[in-house]
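Each structure below appears as structure tokens.
First subunit A sits with subunit B, and in the next complex the same chain sits with subunit C.
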Partner chain A sequence: MTDRVPVLKIGDVLLVSIQVDLEDQMVMDLQEDLSQRIVDTGAHGVVIDISALEIVDSFVGRMLATIAAISRVLGADTVVVGMRPAVAMTLVELGLSLGGVRTALNLEQGIGALRRARDQGPVGR
Partner chain B sequence: MAQDESGRLLSLLTDGQDDLVARWIRTVTSSLAGRLTPAEVQQDLTELYRALLVAVREGGTATRGEAFGEVRSLLTELSRNRARQGFSPTETAISLFALKEVLEPALVESADVAAFVRFSRVLDDLGLYTVEVHAKTREEIISAQAEQLLELSTPVVKLWDGIVGVPLVGTLDSARTQVVMEKLLQSLLDQNATHAIVDITGVPSVDTQVAQHLLKTVVAARMMGAECTISGIRPQIAQTIVALGIEFGDITTKATLADALRHALHRIEQTRVPAGIGGQA
Partner chain C sequence: MSSGVEPVEESAAEESPIVANADVVKARQMVRALAQQARLSLVDQTKLVTAASELARNTLTYGGGGSMRMSIVTRDGRTGVKVVFRDEGPGIPDLELALTDGWSSGKGMGLGLSGARRLADEFDLVSEPGKGTHVVVVKWAR
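So, the complex of A and B:
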């Protein structure tokens, strides 16, 4: 059996902390779990923590964009937090910019950003 | 015949050792014009002469052979030191070639031209070796300095709580961009900073290449979740940027560091107020 990525609820925000390198099946499961949880809890925000990831490639990049898109359809904003400097540099070298995905330095700022976004209405970047 | 020549050469080198070394030292000292003391030269050359004698005795004239190992290592050290002290390769090589000069009268007197030619070939070879080592040492020094320069020229400073600044000085190439990016991203993390200001006042010119590197840095900082502003754009550079058709997209650019700092503080203020209300609600 493959592991599942846990989806945790903090107030009205869902936290997805990715700790291991993802495989196709895990990504599918995560999308399913997350969309179900958003609907169940009525969360207005999703924080994806990738501080444990040492490698972020186009596959992970696409997954993040997909999750963000799904969440947006369900009325929740997505913030990706905790990207490592080395990861950011690799992504830039690869020419990827994670377009359409909001980022924040750490979990605290990510949740802060989501809270502000809720208070002010959707803030596009 | 060849054995004979070596033998005669060897006996000449051995018999006249003290006299030859003394004259050699004198010649070299005068050629270096007092930049090294006779004592230093004496120490170097006496040692070298002794090693050379041993090498010729054992290995003949095969300078790349094993017998010349010690001579080569002495020469390596000698040229390294000379290179560090700022002597030219010629000056280093002349130290060796001077021995020819010193030997010439003695060998010509005995009409041993063949031996002289053979020995001078040995010295030529060793001279070339010193030049080689000299060049290599200079290259090492240059690359070490380039590295130091890279370290020195890219400080990341904390401007305010949550704002870091990178005053760039000098031309941006891909190696420097890498270092700048690395330092900037790390300091964003360390300082828990949400804003970064890249100041290009000290960048002499901005072409498409440099702009590309700047963009990369900004995009990387953004992906970490920080807002990035480029400041210090001089009027000429603004004109160049437009003339070249460089697009900075939605990246904020400001004329001066002060403007950029004000902008960043304003943005922080903007984000702080609603958060406070949100906390109370």
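So, the complex of A and C:
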């Protein structure tokens, strides 16, 4: 049995802070857990903090894009925060630019972006 | 697909099996430690570890498991890290196609091999149907 990434609820935002080197199975579990939590809580936003991640490979990159897409379908906006500069450089060279994923430098800016999005009503993309 | 990966000297060689998901995580951590030992910059460490992660997952997913061998290499006074992935899986029928961005035999985004090649300084891929796959990546300290 592998560990699971905790999903925390703060107001109408769900916070996922990834603190360990992810096994592929944990990534799959997180997608499921988070989708369920969005439905259960009616959250309007999801913040995924990846500041502890030393690398983001194509598998994790795809997971971030998929989570953002699923959340959107379930009525929540997703912001990925805290990406390290070396990770960003590597990800782009790898060929993943995370075009469909909203990002912010840190947690504070991420929550701010979600607030603004919510105040403006549904976001068209 | 040979790009002439012929390091003069090799040291600190370590080998590790890749037969389960946890081994992909372990492979990343081992490569990270060796890249630090070889004094690669943080960005180069990150690129090499990411390339190793892609290749380790390929070894597991498409090769049906295999092994990783890594070492510190020196050539012409330069130091680098070389990582070799080997499996006895079905092999890759069309190497050119497999190295194309977006090409995938099934799951994934098709960025594993082509991405790993971009992230490494040297890249060598040998594969034949029925004879498994052998991938070498080298990243040099600047």
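By definition in this document, the second predicted complex is superposed on the first by the 121 of 125 C-alpha atoms of A that agree within 3 Å, B and C clash if a C-alpha of one lies under 4 Å from a C-alpha of the other, contacts with A are read in each partner's own complex, and residues count from 1 in each chain.
Following the convention adopted for this analysis, a residue touches a chain if its C-beta (ideal position, glycine included) is under 8 Å from a C-beta of that chain, and two chains touch if they have at least 3 such contacts.
All figures in this text were calculated on a predicted structure; none of them were measured in a lab.
In the overlay built on the shared chain, the residue A:L98 is in contact with subunit B alone; subunit C does not reach it. When the two complexes are overlaid on their common chain A, residue A:G112 makes contact with subunit B while staying clear of subunit C. In the overlay built on the shared chain, the residue A:V81 is in contact with subunit B alone; subunit C does not reach it.
Once the two complexes are laid over each other on the shared chain, residue contacts for A:V73 go to neither subunit B nor subunit C.
Of the two partner chains placed by superposition, only subunit C is touched by A:E54; subunit B is not.
Once the two complexes are laid over each other on the shared chain, residue contacts for A:I10 go to neither subunit B nor subunit C.
In the superposition on chain A, contact is made by A:Q25 with subunit C only, not with subunit B. In the overlay built on the shared chain, the residue A:R62 is in contact with subunit C alone; subunit B does not reach it. Shared interface residues of subunit A, touching subunit B in one complex and subunit C in the other, are 85, 89, 91, 93. Those residues of subunit B that touch subunit A in the complex are listed here as 178, 181-182, 185-186, 188-189, 192-194, 216, 219-226, 271, 274-275, 277-278, 281.
On subunit C, the positions that touch subunit A within their shared complex are 21-22, 24-25, 28-29, 32, 42-43, 45-47, 49-50, 53-54, 57, 101, 108-109, 111-112, 114-115, 118-119. Subunit A meets subunit B in the complex at residues 79-81, 83, 85, 88-89, 91-93, 97-98, 102-106, 109-110, 112-113, 115-116, 118-120.
The part of subunit A that touches subunit C in the complex is made up of residues 21-25, 54-59, 61-62, 84-87, 89-91, 93-96.
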